[in-house]
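When the chains are written out, they are named A, B, C, D, E and F in that same order, and each has its own residue count from 1.
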Amino acid sequence: MATFMRLPVAKPEDVDIAIVGVPFDIAVTNRPGTRHGPRELRNQSSLMRRYHHVTGRSPYDLVRVGDCGDAPVHPLDLMENLSLIEGFYREITEAGAIPLTGGGDHLITLPILRGLNRGEAVGLIQFDAHSDTYDEFFGQKYNHGTPFRRGIEEELIDPKRFVQIGIRGSIGDPKNFDFAKAAGVRTIFMEEFVARGVDDVMAEALEILGTAPTYVTFDIDGIDPSQAPGTGTPEIGGFTTREAQAMVRKLGGLNIIGADLVEVAPPFDPSGLTAITGVTIMFEELCVMADSLAARKAA
Amino acid sequence: MATFMRLPVAKPEDVDIAIVGVPFDIAVTNRPGTRHGPRELRNQSSLMRRYHHVTGRSPYDLVRVGDCGDAPVHPLDLMENLSLIEGFYREITEAGAIPLTGGGDHLITLPILRGLNRGEAVGLIQFDAHSDTYDEFFGQKYNHGTPFRRGIEEELIDPKRFVQIGIRGSIGDPKNFDFAKAAGVRTIFMEEFVARGVDDVMAEALEILGTAPTYVTFDIDGIDPSQAPGTGTPEIGGFTTREAQAMVRKLGGLNIIGADLVEVAPPFDPSGLTAITGVTIMFEELCVMADSLAARKAA
Amino acid sequence: MATFMRLPVAKPEDVDIAIVGVPFDIAVTNRPGTRHGPRELRNQSSLMRRYHHVTGRSPYDLVRVGDCGDAPVHPLDLMENLSLIEGFYREITEAGAIPLTGGGDHLITLPILRGLNRGEAVGLIQFDAHSDTYDEFFGQKYNHGTPFRRGIEEELIDPKRFVQIGIRGSIGDPKNFDFAKAAGVRTIFMEEFVARGVDDVMAEALEILGTAPTYVTFDIDGIDPSQAPGTGTPEIGGFTTREAQAMVRKLGGLNIIGADLVEVAPPFDPSGLTAITGVTIMFEELCVMADSLAARKAA
Amino acid sequence: MATFMRLPVAKPEDVDIAIVGVPFDIAVTNRPGTRHGPRELRNQSSLMRRYHHVTGRSPYDLVRVGDCGDAPVHPLDLMENLSLIEGFYREITEAGAIPLTGGGDHLITLPILRGLNRGEAVGLIQFDAHSDTYDEFFGQKYNHGTPFRRGIEEELIDPKRFVQIGIRGSIGDPKNFDFAKAAGVRTIFMEEFVARGVDDVMAEALEILGTAPTYVTFDIDGIDPSQAPGTGTPEIGGFTTREAQAMVRKLGGLNIIGADLVEVAPPFDPSGLTAITGVTIMFEELCVMADSLAARKAA
Amino acid sequence: MATFMRLPVAKPEDVDIAIVGVPFDIAVTNRPGTRHGPRELRNQSSLMRRYHHVTGRSPYDLVRVGDCGDAPVHPLDLMENLSLIEGFYREITEAGAIPLTGGGDHLITLPILRGLNRGEAVGLIQFDAHSDTYDEFFGQKYNHGTPFRRGIEEELIDPKRFVQIGIRGSIGDPKNFDFAKAAGVRTIFMEEFVARGVDDVMAEALEILGTAPTYVTFDIDGIDPSQAPGTGTPEIGGFTTREAQAMVRKLGGLNIIGADLVEVAPPFDPSGLTAITGVTIMFEELCVMADSLAARKAA
Amino acid sequence: MATFMRLPVAKPEDVDIAIVGVPFDIAVTNRPGTRHGPRELRNQSSLMRRYHHVTGRSPYDLVRVGDCGDAPVHPLDLMENLSLIEGFYREITEAGAIPLTGGGDHLITLPILRGLNRGEAVGLIQFDAHSDTYDEFFGQKYNHGTPFRRGIEEELIDPKRFVQIGIRGSIGDPKNFDFAKAAGVRTIFMEEFVARGVDDVMAEALEILGTAPTYVTFDIDGIDPSQAPGTGTPEIGGFTTREAQAMVRKLGGLNIIGADLVEVAPPFDPSGLTAITGVTIMFEELCVMADSLAARKAA
């Protein structure tokens, strides 16, 4: 049976890193379908092997990793879901594991951050085409365009340690970025990223994030839709996968408390490429999470 | 620009039959996507011509028909949608038109019936794989499996003049059909339909429906998924399109106050066949609606 | 390399039956793509084996059969194509072979009939969703809706020995069938076919066609679009492939002078099913052509 | 995580019916891909619910059922696989469970029958487009066209209690069916099936099979490719799913010792319909297996 | 109903920029399908919002923009189409609007330039994989490989102010580029573009184009087929969308009299990505057209 | 009928360069399908024209080229295939032609090298995501991950003149590259390639390969899966087609004795883009092979 990375099914208390799914998409405003993301990510992860070819290391040699199943979700009640997901992550946290999540639409990062919260706002690095710091949509405060505004308001995220990379695409309101800017979020638009390149941009990002606890969130739509077509709100002109991999590989020195890969919507990609891309990014995230955790354990 | 049947855009007050869309899918419990149904139905309706080859008649020669656009919908708030849709149909009704709808998931028939209601419960003929008379799902009373239970409870539908044809597929609870049976609904399972054939089944149905006002609802999943793959809850062993067309063609003598074709979910059918099937059924519905209306006007 | 039925490439003078392609689609009025029909029919014909499972006979044991390549076509000049195609078939005829064609849009049957003509109008049996006896379209006399009207006018086809089966679908003008009817063509609409069944309908057709030379034309859109989705003008409610096979199998006693299978448009069917269906029908046609020819040779 | 019918993962000793997968396709002669069959069948089985709508019964109320995982397979060594699969089924048998298998290509039925064998040849009912009783292919004795010839030779199958239904399609050799006929196998070609209908054909089949132990094998290519396109050797003119379901439903009175559904090849059907069809047939098989087993237990 | 950019339907006299479609593909020499381009571009433009994220400006705040529908086309008569299209654009011009067109195959740019012509040859900047300056194809002077040769011959285009970027791919004749070179056209092959980069190449192009009236034509096949697969003549090794966007953004200082985006062929891209790419480029074109027009109005 | 590059069918003795197919995939360990590679490469090669746009030269003006058909293959017996393929290439070699092959899985390069061998180990340049120098898989020594280890062991390949470019992706064993490194193979991982660029990397490669006989092998999975999705073991982060073309174009000065393009698996790419990419790379290979051969002939 398909599990993430062909790992054994495990309970959070028996692992250091819990890979989980959140089959959720009722907070999207455009094309739904991410509720099937975890299933397809698990399917395609059968292609992933144990060692990273650049480092020669395997995360499984450093820490204990398992597939801890899916968060419970309610197919119709958005607010009920926020509670269910938060509870699921609180249990993981209390069991002593850190989560690596395959989504699900981007709103799920909000209840994940709630579940991980131990009283202190965390740093956030976000790879994404969209800022997701809007206030509301159609009068609705909780949707996949608002999680990070809510996260800042709820003091789950420290806006001074929040970096967004890859933002692009037409916008409904020229004031879309005002809140983030005023709060101190560092938004690196795609055009700046292209001009400066991976190394320069990531040096700045790591500087901002520092050594305090940090969460990593990767929206698959940050990547170009030719390499990840199966997503609800595609924006052309995205990261290449080479750039995406190079960026994630630089995160091993951070103090990572969790990571996710969201917005994979299989109905829009019968070829499965989006999930292949998604699960490869998850493997890159897993490798730096393992490095980060091993370093903390060693310290 | 794509309109239903390449008709002119019109206001309800200028037509007898208003063809409209309801781009709505937040009441589904399985695979969403029907919010794109009206768009794809309009696209594929460019294949439809003006005259029915069996009767030699055109609905456009009998009554005034136009594309009156889409009902307003809210992408996230289910209960708000029920109000918006009801209001849209009330306006159509008050303008003196009768609606032919391209959906949208099946919950939309509930607010449509509310909007059409003039104080008296109507008859209903439903072509469908699923009974949609369940009480709730995950504690939720309003979803695409419950519209007709709600409709009976709200006295919008007269259960004694309610016929369902084509019901099939595994069920979650053996008591699923108890409510409908107790209320007096006539449920004709697929197996009975196959054994008896179109003529015999429809003779009984027309007898039950009589001459009082009747609404026609056609869930595309009543048709076999080989002929209509793009839907959220496919069930094998469905109607052939030949059977479906033959059944709808027998409705011209009814007193039809509205009709719909729902659950077309384009993301699950890149070929467009589902929408071709759907819009052809809509054309069949339109022809019998026009006959029904012309007869009433003549009377 | 892909040939029809994996046959050797041959010259018309070396075979009794010449299987050929006509990669042509500039006479369509809706969705082009049949120019790629012959290629995909050849590809999928790798699935066909040598013996018919019902008769236990192989056409290759009865007569010489080969793939004689494609007719020359001009990608832009419709009238030039009519000449090129006519010439190609005249050569086949003069070489003593009879053609089995994979199309191409349905207009190609007109120049085929011209090329085969030896001064005498022939009988025609047409399996099709559309009558293709219209006069013109947008003022254009030569398109895929007009070949049989032109064929009757040019005295290539004897309208008294012309049977059409499977006609259906909405029409642009209620007078569409008047010409055919007045000329004596026997049009069997899908509804009549369904009511009477294969045996009864075909008995009448064979009676009409008699023993004089007859051409067989099969438009893939006669078959239901669920079994042949890759075509330009799909009409739901078509023949099942079981019906189609049963009908063609009854033609062995006719005096067949040629046959075709047209309107396979691969871009609309990435699965290849349409070409599988098409080439299986071509194999059925080939078997009855071989029987017909063997009987004539024996006589 | 996706399991068959959303059942719990189980060990054979804890269930009465063990649903298992065999991700195997190296015995195909045309288009491979069935190694991904079990995964996709599990995915689509999330659509299946617990009760059969015709009987109102659930197999889970009658017997214990679980997903016992996949047989071990070797991706490159065909003969090694036959041993691995046989061993897997021997364990299931020795644990006291009977297997319901999702394949895999049709050769797997041979090692399944070996693993189930208790010294006595069993009856076999086969729904299929192909006889699969050929002797060899390219000099190879073990491939997906030969399992039942090997099974008869090895005295695993009693040819006098062996019924095949739905056989059709062009053949490479007119002697293909001679062995089966001489051995006493009852081969019901599609044409005979169409002429006689489900009830008449199944009455004969049940008579032949009697009350001794019987294995049920269902090749998805028995069903029409419009309803099950994702298979390696599609043949047009197949069973409708309505016919297929009706036939399987008649098997409840047999003494069923195992069943399978094979030849689902997901790469040839991005829509997933083939797996939906396949898993619905598996649910029908499960229901009659449970009935059969419950009756035996009660006796 | 789907309009370009969800704009209101408008008449040319009520807008400054008229977005229009030309559903035309009978001048293609390879794979037709662009007649459905405008429909799919309109569909996917529902993803576009009002403001450009780099400039923070909206074209709708600068000038009046509307969807003015499709040019009339004749489905079969190429030369008749050239007249129809020219007339349509002459009306737009006479109404005082400038057109932004979604095609359609590339021949449409010829009648567009005829319709826009006020007696003076204009500059042209062409993003494309193919030069389209050939003389004829199969003896045919008017097809999608010849518009710019005809345009130069007819003195619609000033060859000294004509820049082509992105040309690549195997060619049928080594003299293909001789005419353009002799006429003074500046052809920048893909290899030169890659070596020099966007900034350098565009500086030269703007220099050549100067401040006289200029038309912008963008063939979607200039972009790499991984990002725009749905086109008739794909050539690997194309522009990335990032490069394409960067180039178009530099055109705001030109004196733009019209622009187009052509060769989107939806049948070859069920995913819709090509149209998403296409309509995003159209939005980029619209933004620079609005800037250009606003500057002229201000001047 | 579809041939490579629309060339005439030819015998090896009548050509200098023999383009051939090897429809083989039974050595894959993951997703089969490359047996259909040659057919689809031939289909898509109808898009290729005669002249290279950068050099202005045509290979057909320099040397004689033809399509020499497919190597014989056995659909089930791996070791038998190795003999069949070796024999086919020995005949080509003995006829005095050099082969350009469209595969097939990567194991085919082993029997090709055996067939070409004249007693002396050759140089090898490999574009690929995977090293394919593993020892065995599941105890099997001959599969698509081992050809170059076998080739070195059999002294078909000179490991000191063996360059691999583009290697990447997670690995099952950190010692995967030890054998190649110890043998003297130069493995350039994707990360090194990205850092150094095409010119620098290829300068080193050409230096290593020198002027002795060299074989060129191109695994389509070296290219990014967005540009070549139809392959069995996709790895994100691959070559762009621009890079791939630029690299192959630099090989004209080598002493090329054969070349291939392998691992095109059409079932995983209904769009055909992979084969378009593949056959364009084959055309680039053909151009440098012709240059290389013409230079040798001239010398």
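To be clear about the criterion, a residue touches a chain if its C-beta (ideal position, glycine included) is under 8 Å from a C-beta of that chain, and two chains touch if they have at least 3 such contacts.
Just so it is clear, the model here is predicted, and its values are computed rather than measured.
Q: Go through the assembly and pull out the chains touching chain C as well as chain D.
A: B, F
Q: Comparing residue numbers, which of C-F, C-D or A-B shares more than half of the contact pairs of B-D?
A: C-D
Q: Rounding to the nearest 5 degrees, give the angle of the rotation that lays the CA atoms of chain E over those of chain F.
A: Fitting chain E to chain F on C-alpha positions yields an angle of 120 degrees.
Q: Find the chain most remote from chain F, comparing centres computed as mean CA coordinates.
A: Centroid comparison gives B as the farthest chain from chain F.
Q: Just the number, please: Cα centre separation of chain B and chain E in whole Å.
A: Here chain B and chain E have centroids separated by 42 Å.
Q: Compute the distance, rounded to whole Å, between the mean C-alpha positions of chain A and chain F.
A: Between these chains, centre-to-centre, one finds 38 Å.
Q: If you average the CA atoms of chain B and of chain F, how far apart do the two points sit, in angstrom?
A: 56
Q: Using the touch definition from the top, which residues of chain B touch two or more other chains?
A: 30, 224, 226-227, 268, 270-271, in rising order.
Q: Strictly by the criterion at the top, what is the full list of touching chain pairs?
A: According to the stated criterion, the contacting chain pairs are A-B, A-D, A-E, A-F, B-C, B-D, B-E, C-D, C-E, C-F, D-F, E-F.
Q: Which residues of chain E touch chain B in their complex?
A: Where chain E meets chain B, its residues are 1-3, 9, 39, 42-43, 67, 69-70, 270-271.
Q: Taking the complex as given, what residues does chain F use to touch chain D?
A: Against chain D, the touching part of chain F is residues 25-33, 35-36, 74-78, 137-140, 143, 267-268, 270.
Q: Help me check something: in the complex, which residues belonging to chain F touch chain A?
A: So the residues of chain F in touch with chain A come to 30, 167-174, 189-191, 194, 224-227, 229, 233-237, 268-269.
Q: Could you list, by residue number, the parts of chain C that touch chain D in their complex?
A: Its residues touching chain D are 47-54, 56-58, 224, 226-227, 240-242, 245-246, 271, 273, 276-277, 280, 283.
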